[in-house]
Every structure is written in structure tokens, then in C-alpha cells.
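Here chain A shows up in two complexes: once beside chain B, once beside chain C.
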Partner chain A sequence: MTDDGAAVVAAVDAVAERIEAERDHLTRLDSAIGDADHGGNMARGWAEAADAARDLNDPDAETVAKTVGKTLMAEVGGAAGPLFGGSLVFAAGELDEGVTPETAVAFAETYLEKVEDRGDARVGDQTMVDALTPAVHTFKKSIEVDDVEPIEALAKAVDAAERGVAFTVPIRARKGRASYLGWRSVGHQDPGATSALIILEELLAVAAERLDVDVPETDAASPTIPDDDPEEASDDPAAASEDD
Partner chain B sequence: MVGIVVVSHSERAAEGIAEVAAEMAGDTRIEPVGGDGKGGIGTVPDAIGDAIDAAAGGTDEGDATDAEDRGDATESDGVVVLVDLGSAVMNADVAVELSDAEAVIADAPVLEGAVNAAVAATDPSATVESVREQAEAARDIEKL
Partner chain C sequence: MKKLINDPDDVVDEMLDGMTAAHPDRLRRLPDTQVLVRDDGPVEGKVGIVTGGGSGHEPTHAGYIGDGMLDGAAAGDVFSSPTADEFEELIGACDAGDGVLAVIKNYEGDVMNFETAIELAEMEGVEVESVVVDDDVAVEDSLYTSGRRGVCGTILVHKAAGAKAAQGADLSEVKRVAEKVVDNVGTMGTALTSCVTPEKGEPTFDLGDDEIELGIGIHGEPGTERTEAMPADAVTEELTDAVLDDLDLDEGQEVLTVVNGMGATPQMELFVVNRRLQELLGERSLETYDAWVGDYMTSLDMAGASITVCAVDDELKELFDAPADTPALTTT
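This part shows the complex of A and B:
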């Protein structure tokens, strides 16, 4: 097995174990604004996915990610299947040359894009997009602009996701079953965003463990103060940094 | 020939809607698909993908040789997919992306759209686009 493949299998294992531990918590969140099946569905799906990943013979990272995505798609019911699993199937292609800081950024961006398109959701809709968007943006900037160590970039991304999950509480759901509740969805933490955070936390924990380093204590706040007029800021964060 | 797939969270609802649409469908292939595969409410992308293949003539009525024997009328001109709500739309979207068949989702009410699509598909010059257009025209149906 390639190192990358083994690392992804270990990460999937860790996610499955943690989701199982959080099953009741996720179900409680979902019963407040949904149909109370998110915890059970995710736990079952990730357990199956971890089994499928372990059964692969000497897989590379792309194969593991694709297998996990397909299993989640088939086993997790509701919208979580196509959103968590379907997006993974498509984003897995970005890992065809293994896991590097560059491929990880491409993977994260493709994953977010798929979730947004499939769910037709944007930031502020009280969905997993609210956790993923700050995480992916912070990860990309940390790698491409701030040039920090990948493990620190991932730690910042987790911190950003945590803030994103908190942001889902005081806003109104505009997508998914919770949106049928209208204003009654205000004041509730989104279960999908919470699951996204849990997954990122486990990716970070496994990465730190395999690198044999402590999880860096960090926050998503930028170490750089932009010189540019924000109005002129480019979409390409690397371009913005060339003026530093 | 353009095939039709009816996707619902409920297998029985999908079958019932396909049954209603089939009244108007001539020999158009209409494939119902629904349920979580375990007897519950939900949808599964793989099952929707199989239904798309069947509606395209790939697996339902025999192999390619049979299709050739029956002439041009049995060759697939694509598939129009009718869907009910929420995650059924997403799962159908995944299935369409992963399918080799030419398939499109109609943004239409599932039952009225399926009936419209069935009628449109009986036109010998029907295309995926013409069938989808007729299915989507069902959005404007007034009942009172």
C-alpha cells in the first residue's frame, strides 16, 4: 500500500469511529430541525466505508477516496449521501498523484464546488457549506499565500470550520429539510456542518499522528495584513501575495 | 426512442406515477425507481443509474443484438428523468453524471411531468430536449 493510501485508510477509520461516538449528538441536532436520521445514517455509512477501504488491496489515495465516496453514496440516506459521498467520488480524481499540499488544495476546492452545486447552497444557507467554505478558503490561503506547514494549514482550516459551524446557529435555514421550518430553524446548529467539522478534526488528528507531531495550536486568523486595496484583490490568492 | 425514468422517495409512488404515465406512453420505456433499497423511504444513486440504463434500452429488453433486430425505433435517443424532492434530485443528479447514457433531469412536478413526457415521447421525432421541454411545461398546469 502506498503511504498516502494507508494514510487515507487510517483517516477513514478514525472518522468512522468518531462519527459513531457522535451518533447521538448528531441525531439530537437533526431531530431539532430535520428528521432525526443524520447520526444513524452517517454512522452506518462511515462504518461501511471504513470496511470497504480496509478491504482494498494496496490502494492509492485516489482509490480509497473514490471507494469511500461510493459507499457513502449508497449507504447514507437522504441528502447526506450525495453531498458527502458523491462529492468525494468526483474530488477523488484530484488525488491521482497522491496527497501533496497542492493536490490537497485542489481536492478541497473541487469537493466544496461539488457540494455547492449539488445542494445549490451558498454560505449563509445553514448547511455544511457554512463549515466547508471557511475551511477550504483558509486552507488554500495558508498553503498558497502564507506558505505555512501543511499540518498548520489544516489546523487553521479546522478552526475556520468550527467558526463556520457556530455561524449556522443564529441564521435561518434556506436549504434542506430545515428550510421548511422557516424562522423556527434559527437558533439551531446545522447537523451537516457539524459532521463536516468532525471529519476535518479527524483528518487533522490522523495527519498529526502520522507525522508524529502535536496538533498545532492555531486559529484561522491571518498572520498577514493585506497591503492591497480589497476592491482590487484578485481571485487568485497567490497573485495577491506577489506584491508583498 | 426517448426513455423516461420516474424517481420518488417512495418505490410505490414511483410505480404508481409510472403506471399513470404509461396510459399515455405507447411503447415508450418508463422505469420507476424509488425507496432506500431496504424497504424504506429514500433514493439510491446506483438504483437510479440502473433505471436510466434500462430506460435507455441497455439492460431491460435484451442485448444490443435484439435492439438491432427490432430496427431504429428501439435505439435509445436518451432518457428524461422525473424526480420528486430534495435528495432525490441530488441522487438523480449523481446518477446522470455517472451514467454513459444521454440523460437529463426535467425540472417539473413529478406526476404531471411524467404524463407530459410520456405523451411527448410518443412523437416519432421526439428528442431528449423536446421531451424535457414538454415535461417542464407541466409546471404551468392549472387545475382550477
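This part shows the complex of A and C:
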């Protein structure tokens, strides 16, 4: 097994274990605004995905990601199957040359793009996009503009996702089943965004463990407000890369 | 609540095996899936027509597999979308090289799973187009909903698209007629009683003995209004007015109508509804080209009915009349 492949298998294992541990929590969140099946469906799907990943013979990262995506797609069902699993199947292709800072950014961007397209959701709709968008943007900027260590970039991304999840609470759902509640969706934390955060947290934990480093400290409570020239501060990190 | 089932977990699986056992010359189940396809498919030189959705709406969808209608259908669990991998297998099995049209009822899960499957199938080189059916006029398209629901009008899309494909039309032409139906059809239903899902075993929603729900969804979703029970003529007027107000047809327009039973309503009552429906069309100077009455798109054991009106032109009339030979619908 390639190192990258083994790392992804380990990450999937960790996610499956954590989702199972959070199952009741996710179900409670979903009961408030949906049909109370998110915890059970995700736990079943990730357990199957972890089994499928472990059964692969000497896989590379792309193969593991694709297998996990397909299994989630088949086992989770509902809207979460295509969103969490389908997006992974498509994004997996970005890892065809293994996991590097560059391919990880491409993977993250493709994943977010697929989730946005499939769910027709944008930031502020009270969905998993609210967790993923700040995470992916922060990861990209940290790698491409700030040039920090990948593990630190991932830690910042998790930190950003956490704030994204908090952001889902005071806003009104515009997509997904919660949107049927209209204004009554305000005040509820989105279960899909919560799952996305849980997955990112486990990716970070496994990455730190495999690199044998401590998870870098970030300060979720007080985002850094740049006090330099506003024009400079508002530079789009994407402008530093070739796309957009 | 009594049900003629074994285990709720096995209902869909056992139903599908029962369907293929009833129609071994027509239907074939893809191994390890809940997908049924034409036994003689894929048909060379013909665009494949596929659909699918949650179970509990029988004869929708697999009942419409056959000559002149569908090439295959994926069955989800009761009132749950099939998963994307099942849709992907369905699309692959129904492509003879001329492409596939996917007919999707407008529910979030169905749309997302089908779209994911379509993108995967396209990566495998299958040409796929899709139409989303959203004929239920009861639920307004607004920020509060994900648009209108797809209900009984879906059958007319299957019929027109299936007939066009059987004539040898290419994928874009087949899609065009499917969209023509979607653009010209409206439906609204009412429930006299709630459905009871095998899993839950008790009514999905509470409805008093003296109450009905207008604008009911085919999964028991709330409609527009809960009101006291009314005679058939009054209910028919409510439903028909809502559909016709939405369609806003010109006088003299020809229409095809469907009075659809929700599962537990006797044909007797459906014909009573149809009688008043046809009177109302006459009062509005609309001309009935054809009137279908029966159980087409059910909601398990819900009592109630829906009324569908589709404005037709020469092309749609020809397609609705064209031969179809399926377990649930035959035209000659």
C-alpha cells in the first residue's frame, strides 16, 4: 500500500469511529429541523466505507477516496449520499498523483464545487457548504498565499469550519429539508455542516498522528483581523493561483 | 394497523420479485439491485427512457416498463429515493448507444441521486438528458419549498417520451416532448385518510373522520388546506379549479385528464369524480380529448384522488394514442 493510500484508509477509519460516537448528537440536531435520520445514515455509511477501504489491496489515495465515495453514495441514501459520497467520487480524481499540498487544495476545491452544484447551495443557506467554504478557502490561502506547513493549513481549515458551523445557528435555512421550516430553522445548528466539521477534525487528527506532530494551536474564538492596508488585506487568495 | 406483509424491511425486495414473477416475459431485475428493466432491453436504435423513485406509488414506476413507455425503473425503499449507484446501473442497462432520458420527479433526494448518477454515466460515455417533473399545483414555488412536487403528471411524461422514443426519435426530440408535457400539465390531490407506511405501521398524519386534506402530497406531506369532508362534486371543484387556474388555458383547448386513485379509493368514487370533472371542463369551454381513470400514482393505502389536466396539441395527442404495452398501461 502506498503511504498516501494507507493514510487515507486510516483517516476513513477514524471518521467512521467518530461519526458512530457522534451518531446520537447528529440525530438530535436533525430531529430539530429534519427527519432524524442523518446520524444513523451517516454512521451506517461510514462503517461500510471503512470496511470497503480496508478490503482494498494496496490502494493508492485516489482509489481509497473513490471507493469510500461510492460506498457512501450507495449506503447513506437521501440527499447526504450524493452530497458527501458523490462529491468524493468526483473529487477523488484530483488525488491521482497522491496527496501533496497542491493536490489536496485541488481535491478540496473540487469537493466543495460538487457539493455546491449538487445541492444548489451557497454560503448562508444553512447547509454543509457553510462549514466547507471557509475551510476550503482558508486551506487554499494558507497553502498558496501564506505558504504555511500543510498540517497548520489543515488546522486553520478545521478552525474555519468550526466557525462555519457556528454560523449556521443564527441563520435561516434556504436549502434542504430545514428550509421547509422557514424562519423556524433559525437557531438550529445544521447537522450536515456538523458532519463536515467532524470529518475535517478527524482528517487533521490522523494527519498529525502520522506526521508525529502535535495538532497546531489555532484560536477559534478570535479570528485574526488584519490591520494592514485594507486593499492589500482584501486580496483574493485565488488571484494568486492560476484559476478564477 | 394490519398489513399484508412479512417484514417491513423486505417489502420492496419481495414486491419486486413478485412483479417479475407476474411478468417474466416483460420484466427483468438487475442482480443485487432494486432496478427492473425490460426483459428484451436495451432496445437497439432507441433512446432509453428511465425513471425511479421511492416505492409505495405502485404501479409507478415499474408498472410502466414496456414497449412504448419505460425501459427501466429504479425502486427506492418506501418513500425514499433510490441511491445514485442504483440509478447509475439503471442508466447503463438501458442505454443501447442512442442515449438515455431520465424522468425525475421533483424531490430533493431523487434529483440529487439521479444527477449524481447521470454525471457518473456521462463519464462512462453514455449520453444522458433529464427532465424534472413538477406538476403538483398545490405547493407554490417559493423560498419555503424546493419548488413543486412531481406527482401523477409523471405518467404522461413517461407515455409521451416513451412513444417518441419508440418512433425512433433522437434524444433531443424525446427530451423536447417530455418537456412539452411538463410545461402543459398540472395536478392536485386530496386525502380522505392518511397512508400507513410498513415501517411505521401507523398513520403518517392525523386526519379526523370528518376532515380531508386538500393539496396532499403523495407521501402524505401537508397540502394547502385541511377542511371538513365535502361531497365528491365539491371536492372535484376545488381540485379542478386549482389545476385550471394554474394552467390558464384558452377556451376550446383540448385536454387529457387523469382521475387518479391514491390507493384505497374505489373505482366507483373515481368515476363519480370524473363525471363532475368533465362537466366542469365543459363549463370552462375546454374539450376533453381523452379521460383516464384509475390508480396510476398511488400513496400506499391512502384514500383520496388527484386530478391531472394536460393541454394537448396534435403531437401530444398522437403520442398519448401511440401503442404502449406495459403491465399497468396498454394502449393500442
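Observations, loosely collected:
Keep this in mind: the second predicted complex is superposed on the first by the 219 of 244 C-alpha atoms of A that agree within 3 Å, B and C clash if a C-alpha of one lies under 4 Å from a C-alpha of the other, contacts with A are read in each partner's own complex, and residues count from 1 in each chain.
By definition in this document, contacts are C-beta pairs under 8 Å (C-beta built on N, C-alpha and C of every residue); 3 or more make two chains touch, one makes a residue touch a chain.
Everything numeric here is computed off the predicted structure, so don't read it as measured data.
Overlaying the two complexes via chain A brings chain B and chain C into a clash. For chain A, the partner touching the most residues, choosing from chain B and chain C, is C. Once the two complexes are laid over each other on the shared chain, residue contacts for A:M73 go to chain B and to chain C alike. In the superposition on chain A, contact is made by A:G86 with both chain B and chain C. In the overlay built on the shared chain, the residue A:R118 is in contact with chain B and with chain C. In the superposition on chain A, A:R174 contacts chain C only, with no contact to chain B.
Look at A:G182: by the touch rule set out above, it reaches chain C but stays clear of chain B.
In this superposition on chain A, the options for chain C are 189-197, 243-251 or 261-269, and chain B clashes with just 243-251.
Common to the chain B and chain C contact sets on chain A are residues 73-74, 77-79, 81-83, 86, 89-90, 118-119, 176-177.
Across the interface of their complex, chain B is touched by residues 73-74, 77-79, 81-83, 86, 89-90, 118-119, 176-177 of chain A.
Of all residues in chain B, those touching chain A in their complex are 36-37, 40, 42, 44-46, 86-87, 90-91, 93-94, 97-98.
Of all residues in chain C, those touching chain A in their complex are 76-77, 80-81, 83-86, 108-109, 112-113, 115-116, 119-120, 143-146.
Across the interface of their complex, chain C is touched by residues 70, 73-79, 81-83, 85-86, 89-90, 118-119, 174-177, 179-180, 182 of chain A.
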